[in-house]
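Note that chain A is present in both complexes that follow, paired respectively with chain B and with chain C.
And then the complex of A and B:
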C-alpha cells in the first residue's frame, strides 16, 4: 500500500535554542480565543439546551397543568403506554430500514457511476445534488403531485402504460405501502449526499489496484466486490450514519404527504404534536431524549458494523 | 508586522467572543416583561397568517396615531408553534397576533393573551360581531374576530341543472339524493368533496355535518354528544364514510385537505358540491378565472339539515395581544382600527380595489357586510349576510375547551382511519368519545 508523508525539512539549531524552546512552551491563548466564539455558540445553543432537555424530561412540564414538578420516569412511562406512539415507533423503524438501505445502495451505485470521468460528469453531479438542497416540505409538495390519487403523475403514467385501468389510491390505504412511498421521497433527498460521501471515498482508491486486479484476471464485478466495496467502507459508514439520522428524524415528508394519519406518522411528528399542540413539554423532552439516544446507539452500531480503517 | 497582525487577530477574536456572549445572553435569557404604555411614536409588530393590508391603509393608521406597523406573514402552523414557544419561554414575539377560534380555551386558560375587554368596549361590539362569542372563554374575550369565515355548502348549479335538478335541496336527504342523481346521470364521477386527509379540515367538516344532522359535538362540560348510533355526530360520521364507499366522494380524497379539495376539485369542475365550504370562496376562488374553470357556476346553498336549513359553524380568524407584548396599548389601538366597520368594508372592496385587501374573506361586522351587500360588493351577499345574521353559530358556544387540539387530533385521525377502512365508524366514534371523556375529566 502507498502512503502519503508530509515533506520534512532540516531542523536548524536556531530553532531548538533554549530560549526559543521556552517561548514555545509558553501558553498561547490565541487558538482558544479563535475557537471560543464557536465553542460559546455550541455550548450555549446545543449543549445547554440538551442538558435542560435531559433534566426536564424527568419533570412534568405541562403548561396546561402547572406547576412544573419532578415525576421521575413518569414521562417515559406515559410514552411507552401510548398505543399511538408505539405505532409511530414501528413506522419510524420502517422509515429507517427502507431509507438507509435504499439510499446506501443507490448512493453506492451513483458513486461508482460517477467514479469514472465522462463528458457532462460535473453537470450531472450538480443536478444530483439538487434534491438534497431542497427543503423537505417543498419535496413533499412536489411529490404530492406525483402520488396524488385523483390527479397524480404516477397514476397517469401507469394508466398510459395500461398497467392499471383506473386511478389507484397509493397513500393512506396500506400502512407499509404508505411508508415505502413516503420514504422514497426522503431517499430522493438524502441519496445525493450518500453518493458524494461514497464518491469521496472511491476517489482515494489508487488506480493501480484496479489495474493489478485486471492483470490478475479479475472481472469488473469481482473488482467491485473485492476492491471497491472494502476500501469504500469509511465513506459508506458515514453515508449510512447520515441516512440513519435523517430517517430517524423524518418529519416533513410524512407530514406533508400523509398529514398526521397513524399509517405513516413518525416519532418526530408525535413529538411535535405532544410538545406544541398538547403543550406537554415534559413528555416532548422525554421523547426527544429517546430519539437522540436511539440515534446515537444506531449510529454507533452502524459504525461498528460497517466502518473499517483503510490504509493505502 | 506579524506581531501587529497577531494583535489584530486577538482583538477581533476577543470582540467575536464578547459579541457571541451578548447574542447568547439575549437568546437564552431575555424576559421582556416590561410592557410600555406608550401609544404614539412606537413601532408595533403584527404577525398574522396573511399578506399585509394595502400599505396606504397602514400609512394612514400611522399618520393618525403615530404608531408604525411592522407586518409579518407566517403560515398557520408555524405561527401557532411560535406563539406557544414564545409564551412558554415568556419572550416577546409580537404586539398583536393570531387568535385561532379553536385555541381560545387553551389560550384563555394559559393567560397567554391580554383580555381584550381591558382595552376595548367588547360589550358594545357583541351586537355587530356575532362571532365574538367564539373568542370568549370564562367571561374573557381573548381576541377580536377580524373576518367572518363560517362553513357553508356550495353547489355547482350547472352540474345540478345538467342532472335535471331544478329545485335546490333544503334537507340532507334531498341533498344526498341529488348527489346520487348527478353521479347516475354521469355529469361528474364524484359529485361530493369531503377532505378526508388527517388534518384539521376533516374535524371542522364533521362538526358542520353534525350540526346539519341536528346535533352538537360536545356539551358545555365537554362531554361527547355523539356516542349513540342515533346521535347527530354518529350519523354525520356514517354519512361521510358512506359517501366515500358509495362513490359520491373520490377514493383519493383520503389524502385531500380542505383547501386542496376546494382548489383542485371544486374549482376545476371535478366535483359538484362541498358540504362544508368556506364562506367567501365563491368570490375569492370559484369566480376567479385564474384559479377556476367553473366561473359563475358555483353558488352558496343554505346548509341542508334534517328538516330544512341547518346552522353554519363559525370558523373566524381573530387577533389579540400576547402578554409579552412590548406595546399592548398601541396594539389595542391597532386592533380597534383594524377591526373597525369602515376598515373592514374598505378591505372587502367597498371603496375600490386600491383599498381592498386581497387576503380578506368577509367582514366580521354585520354593519360592514350589510353595507357591502347593499352596494353589490359581495358575491352571494344576500345568502351570506342572512346566514351570518341568523344561522352562524360557534362550534363550542362557551369557547373551545383547553384540550381542543388533542380532541381534534383524535377526531381527524380516527375519521381518516374509518375512511381508509382501517377501522369501522363505530370504533372511530368510540375512540373519539373515549378521548373526549378522558380529556374532559382532566386525565
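And then the complex of A and C:
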C-alpha cells in the first residue's frame, strides 16, 4: 500500500501550547477526526445493513405476519418454489448475457474508433458520454418513444422502408423480443463506460507495436486481433464486470418499459414487489442476498476468464 | 488504408447517431401536439414547433405541472446536499488516508473500498428499515444520508488517488515553516487538488440525479420525491399526454445532459481513476 510521505509529527507549531504538544505526541488525534464521519457512514449505513441482509434472510420478517422469527432456509425454499421467480431469474440471465455481450462488443468498437487522434475527437467523446449521464428511468421514457406501438420511431422507420406493412406491438408480446429491446435501452446507458474503460487500456499500447506489425505485412484486422484485443484485456475485463453488475441488478428500464409484467420482469423488480408490496421483507432479504452473491461470483468469474496482466 | 478510414467514418457516425437519436426523438415529440404525434409515419421534425408543453409544465396550473415543479426542487436540493457532504467528507478522509499514519487505517480503507464490490441494492431493504426506525422516511435528511453512504467509497477512492498523485514536497515546506497540518491542507493541498474535487463533485451529482429505486422506496410523497420518481409515476397515468410526458423527460435529462456534455473531461478522468483498482 502507501507509504506515509509526511513526518508523523509536524515541527513545533507556534500556536500549540507545550501541554497540548505533549499530549499529541502520545496520541495523534487528527487522522481519527478526519476519517470519523466516513467511518460512521461506512459502518452504520453500509456494513451494518449488509449484515442485516445476511442475518434476516433466515428470519420471517413480515409486517403482515408478526413477530419476526427464525425460519432457517424457509425464505430460500419459498423463493425456489415460486414459478414467477423462476421466470424472472431466466429473464435476468437473458439481460445479463445480451447486455454484457452487446455493451462489450459495442464498447470495443467505439474505443477502437476513438483510439487515434483526429479532429473532433474530444467532441465525439462528449457525445459518447451523454447516455451514461442520464437517469435510467428517463432513458426508459426516451426509448418508449422509439419502441411505442402507435407513435414509435422504430415502427415509423420500418413502415417507411416497407419492412412491415403496419405498426406492430413490440413490447410485452414475445418474451425474448421484449427482453432484447429493453436490454438495448440499458446497453445504451452502460456502453459509454465500457468504451471509456477499453479506450483507456488502448491508449497504453505503444504506437510502435502497430508500426512494426505494419512493416511485417500485418493487415489492419490482424493487428486488431493480435495486438489490440490481447493488450486491451484488463480494460475489457473491468468493462465486463461493470456490465455484469448493472445487468444482474437491472430495475429501471424493465420497470418503466414493461411494468411488472412477467414477460420482461427482472429479479430486482421481483425483490421490490415482494418487499414493498407484499411486505414480506424476509423473502426480500433472501433475494437480495442471492443477487449479491451471484453478482460477486459472476464478477469474479469474468475477471478470472478475461483479465490478464499486461506488461510492455 | 482507405478501408480503415472508411471504417473510422462508420464508427464516428455510429457513435453520434447512437447517442443522439433517442435524445433528439424525445425533444422532437416534446415540440409537437398530440394530433401531430398521431401521424403515421411519424413527423421526423416537428411540423410546427411549439413550446406549449414546456409552458404547461413550468407555469401552468393543475396537479401535473405542480408535481413536476415540486419534484424538480426536491431533486436539486437532494443532489446538491449529497454532493456537498460527500465531497467534504471524502476529501477529509482521503487526506488522512494519503498523508497520515494511524492505527486502523488499512482496515477502514479496505472496508470502504470493499463496499464498492457489493451491488447498491444489497442494502435497500435494511436502509428502508433503519430510516423507518429513525422516522427519516420522506425527509431530505434520510435521502441524503443514503446517497452519501452510497457514493462516499468511490469519492474517497478518487480523492485518495488524486492526493497520492500530488508531490508531498510543497506541504512539507509548509510544515517546516510552522503551519498546522490543517492550514497546509487548506492553503496548499486543496488548491492543487481542485481538478480531483471537481471530478468527485460532478460524478456524485450525476449519480444522485440518476437515482430511482432508492427514492421510490424512501420517499412516498411530494415533500421529497425527486423528478425521476414523479416522471415515472406520470408515465403510468394514461391521462397524461405523451407529448407532455416527453417534455417532462427532457426537463429531467437537461441538467445531467448539459453537465455530461460540457464537463466530460472531469467525468472521464474521475471514472477511470475509480475503475483501475
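Going forward, the second predicted complex is superposed on the first by the 273 of 312 C-alpha atoms of A that agree within 3 Å, B and C clash if a C-alpha of one lies under 4 Å from a C-alpha of the other, contacts with A are read in each partner's own complex, and residues count from 1 in each chain.
Following the convention adopted for this analysis, a residue touches a chain if its C-beta (ideal position, glycine included) is under 8 Å from a C-beta of that chain, and two chains touch if they have at least 3 such contacts.
Owing to the predicted nature of the structure, the values given are computational and were not obtained by experimental measurement.
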Touching partner for A:58 - first (chain B), second (chain C), both, neither: neither
Which of chain B and chain C A:34 touches, first, second, both or neither: both
Chain B versus chain C as contact partner of A:263, first or second or both or neither: first
Which of chain B and chain C A:45 touches, first, second, both or neither: both
Per-residue contact with chain A, leading partner among chain C and chain B: C
Touched partner set for A:95, first chain B, second chain C, both or neither: neither
Which of chain B and chain C A:277 touches, first, second, both or neither: first
Touching partner for A:180 - first (chain B), second (chain C), both, neither: neither
First, second, both or neither for A:167, with chain B first and chain C second: both
Residues on chain A lying within both footprints (that of chain B and that of chain C): 30, 34, 37, 41, 44-45, 48, 148, 150-152, 167, 259, 272, 276, 281
Residues of chain C touching chain A in the complex: 3-4, 7-8, 11-12, 14-16, 18-23, 25-26, 29, 37-38, 40-42, 89-90, 92-93, 95-102, 105-106, 108-109, 111-112, 115, 117-130, 145-146, 148-150, 152-153, 156, 164, 168, 171-172, 175-176, 178-182, 206, 209-213, 216-217, 228-229, 231-232, 235-236, 242, 245-246, 249, 252-253, 256-257, 259-262, 264-265, 267-268, 271-272, 275-276
Contact set on chain B toward chain A in their complex: 6, 9-10, 13-14, 16-17, 19-21, 24, 27-28, 80-81, 84-85, 87-88, 106, 109-110, 197-199, 250-257, 264-265, 270, 402-403, 405-406, 409, 412-413, 416-417, 420-422
Parts of chain A lying in touch with chain C, wherever the complex brings them together: 1-2, 4-8, 10-16, 28, 30-32, 34-35, 37-39, 41-42, 44-50, 52-53, 56, 106, 109-110, 112-114, 118, 120, 122, 124-146, 148, 150-153, 156-157, 159-160, 167, 188, 192-193, 196-197, 200, 220, 238, 242, 245, 248-249, 251-252, 255-256, 259, 268, 271-272, 275-276, 281, 284-285, 288-289, 291-292, 295-296, 299
Chain B-touching residues of chain A, taken from the complex the two chains share: 29-30, 33-34, 36-37, 40-41, 44-45, 48, 63-64, 84, 147-152, 167, 169, 171-173, 257-263, 272-273, 276-279, 281
